[in-house]
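Got a structure here, written out as structure tokens. Questions coming.
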Amino acid sequence: MPWDRNQLAQRAAKELRDGFYVNLGIGIPTLVANYIPKGVSITLQSENGMLGMGPFPYEDEVDADLINAGKQTITELLGASYFSSADSFGMIRGGHIDLSILGAMEVSEKGDLANWMVPGKMVKGMGGAMDLVAGVKRVVVVMDHASKAGEPKLLKQCALPLTGKAVVDLVITNLGVFEVKRGEGMTLIELAEGVTLDDVKAQTEASYKVALT
Amino acid sequence: MPWDRNQLAQRAAKELRDGFYVNLGIGIPTLVANYIPKGVSITLQSENGMLGMGPFPYEDEVDADLINAGKQTITELLGASYFSSADSFGMIRGGHIDLSILGAMEVSEKGDLANWMVPGKMVKGMGGAMDLVAGVKRVVVVMDHASKAGEPKLLKQCALPLTGKAVVDLVITNLGVFEVKRGEGMTLIELAEGVTLDDVKAQTEASYKVALT
Amino acid sequence: MTGKIFKDARTALDGLLFDGMTIMAGGFGLCGIPENLILAIRDSGVKNLTVISNNAGVDGFGLGMLLNTRQIKKMISSYVGENKEFERQYLSGELELEFNPQGTLAERCRAGGAGIPGFYTKTGVGTVIAEGKEHKVFGGETYILETGLVADLSIIKAWKADPEGNLIYRKTARNFNPMMATAGKATVAEVEEIVPLGRLDANFVHTPGIFVQRLVQGKFEKRIEQRTVRQRESA
Amino acid sequence: MTGKIFKDARTALDGLLFDGMTIMAGGFGLCGIPENLILAIRDSGVKNLTVISNNAGVDGFGLGMLLNTRQIKKMISSYVGENKEFERQYLSGELELEFNPQGTLAERCRAGGAGIPGFYTKTGVGTVIAEGKEHKVFGGETYILETGLVADLSIIKAWKADPEGNLIYRKTARNFNPMMATAGKATVAEVEEIVPLGRLDANFVHTPGIFVQRLVQGKFEKRIEQRTVRQRESA
């Protein structure tokens, strides 16, 4: 059975290490915070200018001055700090964030990532995505293996405009997990329970090695 | 009579305007703070990271964490603020300081300034001088007209290594005041009481126009 | 000293507005935006504006109000997804749009205020953002040149100010406000409270008063875009 | 979470020192310098250091101690006027020295920590500082390219910390410490007091804990270079 949204998030949570500073994208990546492994303590960054982001507030805690990068109301944890967006992206660009988990439309076998625009459709903007993939130490993509129309999203080359070139380190899809190493390409290292190598092959355009662990 | 140190400072103080943010160099420029005209309120910047610098402390107010760019103990005034040296020089480089008053070894007729090193002698470093002359809106030099050996310090071209090229707007010497305009050169606009045009001419190498006001 | 405090947003902008000017506006989404100054700009009727702001407000609030009145000619932003009128004007060619990655936009404002006309970043290398920009290799990695931004006017929102113009911000309402405060030829700040001189701790001022030419105390709606809450477990 | 707090300066540096390394040291003059970490570096005997610091301490205090023991091979500084031993070693060719204008040095550290490998400045144009550097014209003015700096280790001094490594500085003891905190591959901070989690106001943290890997509480001499005082008028 392919992984569902929560299982994807749970698998992504295994990439967290104790003491990590982490930036989570919108959608499934946000769910990762629900599956932080025991004994692992992480600090969440919100790129609009905060470290130590907590869960959504209770109704009586809502504060218009306290939102995340998705413009959602949030809370602060003990030990939090606030800073300007320039300082926040200095932190990101300077390689101080350990891990970024984000969604994607397409990923190429070389680790190129496309997740910000579809030509012909209204473009909303890249927000902080280009900065995150260029600056964060390790970039993990969480996405469906194929589009709703059944088209592969792991490609030889991205068709959509890129968010970043050779920036992805790991791709977690509902079928399995792929490692991407610079200059070496993609390797399938894990399958979702009940998913076969043939299932993956049928829905993947990218070349990849197989080295299941 | 040529101006003495205090008269020089007093003349320089006439360059202050109400609301100005000002950086004062070490030596005579520091004395300028004693002659702020009535009705004029200025804010002093110390480039190590402070706005709103006050006078030297009383003995029981001395604070090792509160010094100026000359490493002297100082005090803070109401409305002061502290910031990092990066932010401080952002302020300077970004043209937010209205006026810098500093000393010089040599000034050229084009407004070049030399005040940081003498070849062959131990070089102590330029500190913040190059940033100040490059970034501050208006640069006023206060210096003796000639060296102790009687050599002119207002030159056609500086012999010493430059602190900045075409950066000086006004030179106040013990003999008088010279305006420097980009592309137009130097103009003598004021004489110290009792000093004659010939006195100035005898001690000046730079070409200058005369337009006494 | 000439006072920095003005009685309302309209008078605080007096003499600073002209057609075709460039305005930086602080805020992220609707968080920490200069609500009152935006309103006053709308009422002034000034037009052909280039507005530098991370977002463009929502329909009918924040910068969205200046879109409704067609006062904005061009936006420099990182994300404009929350605004239907924006979309309409952009798709019909009425509105110019320049996208900057969010961190690049933040740094461009910071650079402009700090006298840095250009800096290199790896953000956007290999993407459309890099097209036409100078590329340079440092330590084996490729970077692109981005330029500093300055504006004729910066309008920003802070929490508290003192009469010198020293500002402090609150929580994530800080966002783009501090850098934009430094990058305006004139900077006007609106705040929730002006406190007496000496009430702000000099050690914890976020924006020194040197960057703020004018100051106004305002009333704020503080609209929330995405009110997300959780339920208390029943006892 | 693995704790950041170490019991003394020596253990806080354990495993971080090696011959030939580059160290950034915060402080301006003797104000806001990491006294205890400098002592521990002296005692470690590590040598051939490149030290990036605005000044070089005085004879026998601050970085001056590492000059006495000849542990420093090269200094990158803006002003070194207060140190006779420095002068002697420099004039005899034992010590390399690279002068940077103070604001350029500060910005190079900030850039290094923020992932900016190069930036343009007008500081030093037309002087020896510009020799050999790339020149570029922006808006009719000439600027020179300066590069970002990073260090193997940054040692900094703050006033208070919490266990997450969040730091606040006091008055002008802030100086170079915040940027250097961001530019070290490892950053060790010494502070006057470590307060319990939650005691620092998140809104007024100067250096977020992400930049600080290790933390130590120290005792400080806080020597004053120029004690300048005025006399109270008699009553």
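For clarity, chains are labelled A, B, C and D in written order, and residue numbers in each chain start from 1.
One rule holds in what follows: a residue touches a chain if its C-beta (ideal position, glycine included) is under 8 Å from a C-beta of that chain, and two chains touch if they have at least 3 such contacts.
What you see is a predicted model; the values in this text were computed from it and never measured.
Which chains contact both chain A and chain D?
Shared contacts of chain A and chain D: C.
More C-beta contacts across B-C or across A-C?
Of B-C and A-C, it is A-C that has more C-beta pairs in contact.
Farthest chain from chain B, going by mean C-alpha coordinates, please.
Centroid comparison gives A as the farthest chain from chain B.
So how far apart, in whole Å, are chain C and chain D when each is placed at the average of its C-alpha atoms?
So the centre of chain C lies 32 Å away from the centre of chain D.
Averaging only over C-alpha atoms, locate the centres of chain B and chain C and give their separation in whole Å.
The computed centroid separation for chain B versus chain C comes out at 35 Å.
Just curious, how far off is chain C from chain A if you go by their C-alpha centres, in Å?
Going by mean C-alpha positions, chain A sits 28 Å from chain C.
Taking each chain's centre as the mean position of its Cα atoms, how many Å separate chain A from chain B?
Distance between chain centres: 54 Å.
Mind pulling the chain B residues that touch 2 or more other chains?
In chain B, the residues touching two or more other chains are 76, 82-83, 89-90, 92-93, 135.
Please list all residues of chain D that touch 2 or more other chains.
If we look for residues of chain D contacting two or more partner chains, we find 107, 110, 114-116, 121-122, 169-171, 202-203.
Can you name every pair of chains that touch?
A-C, A-D, B-C, B-D, C-D
Under the definition above, what is the set of chain C residues touching chain A in their complex?
The contact residues of chain C facing chain A are 28-32, 54, 77-82, 87, 90-91, 99, 101-104, 106-107, 109-110, 121-129, 159, 169-179, 222-232.
What part of chain B is in contact with chain D in the complex they form?
Contact set of chain B toward chain D: 46-50, 55-59, 62-68, 70-74, 76, 82-86, 88-90, 92-93, 112, 122-131, 134-135, 161-166.
In their complex, what parts of chain C are in touch with chain B?
It comes out as residues 1-2, 110, 112-116, 162-164, 166, 182, 197-198, 202-203, 205, 208-211.
Considering only the defined contacts, which chain B positions touch chain C in the complex?
Listed in rising order, the residues of chain B that touch chain C are 18-19, 21, 41, 43, 45, 51-52, 76, 78-83, 89-97, 135.
If you look only at chain D, which of its residues touch chain C in the complex?
Residues in contact with chain C: 107, 111, 114-122, 136, 138-139, 141, 143, 147, 168-171, 202-204.
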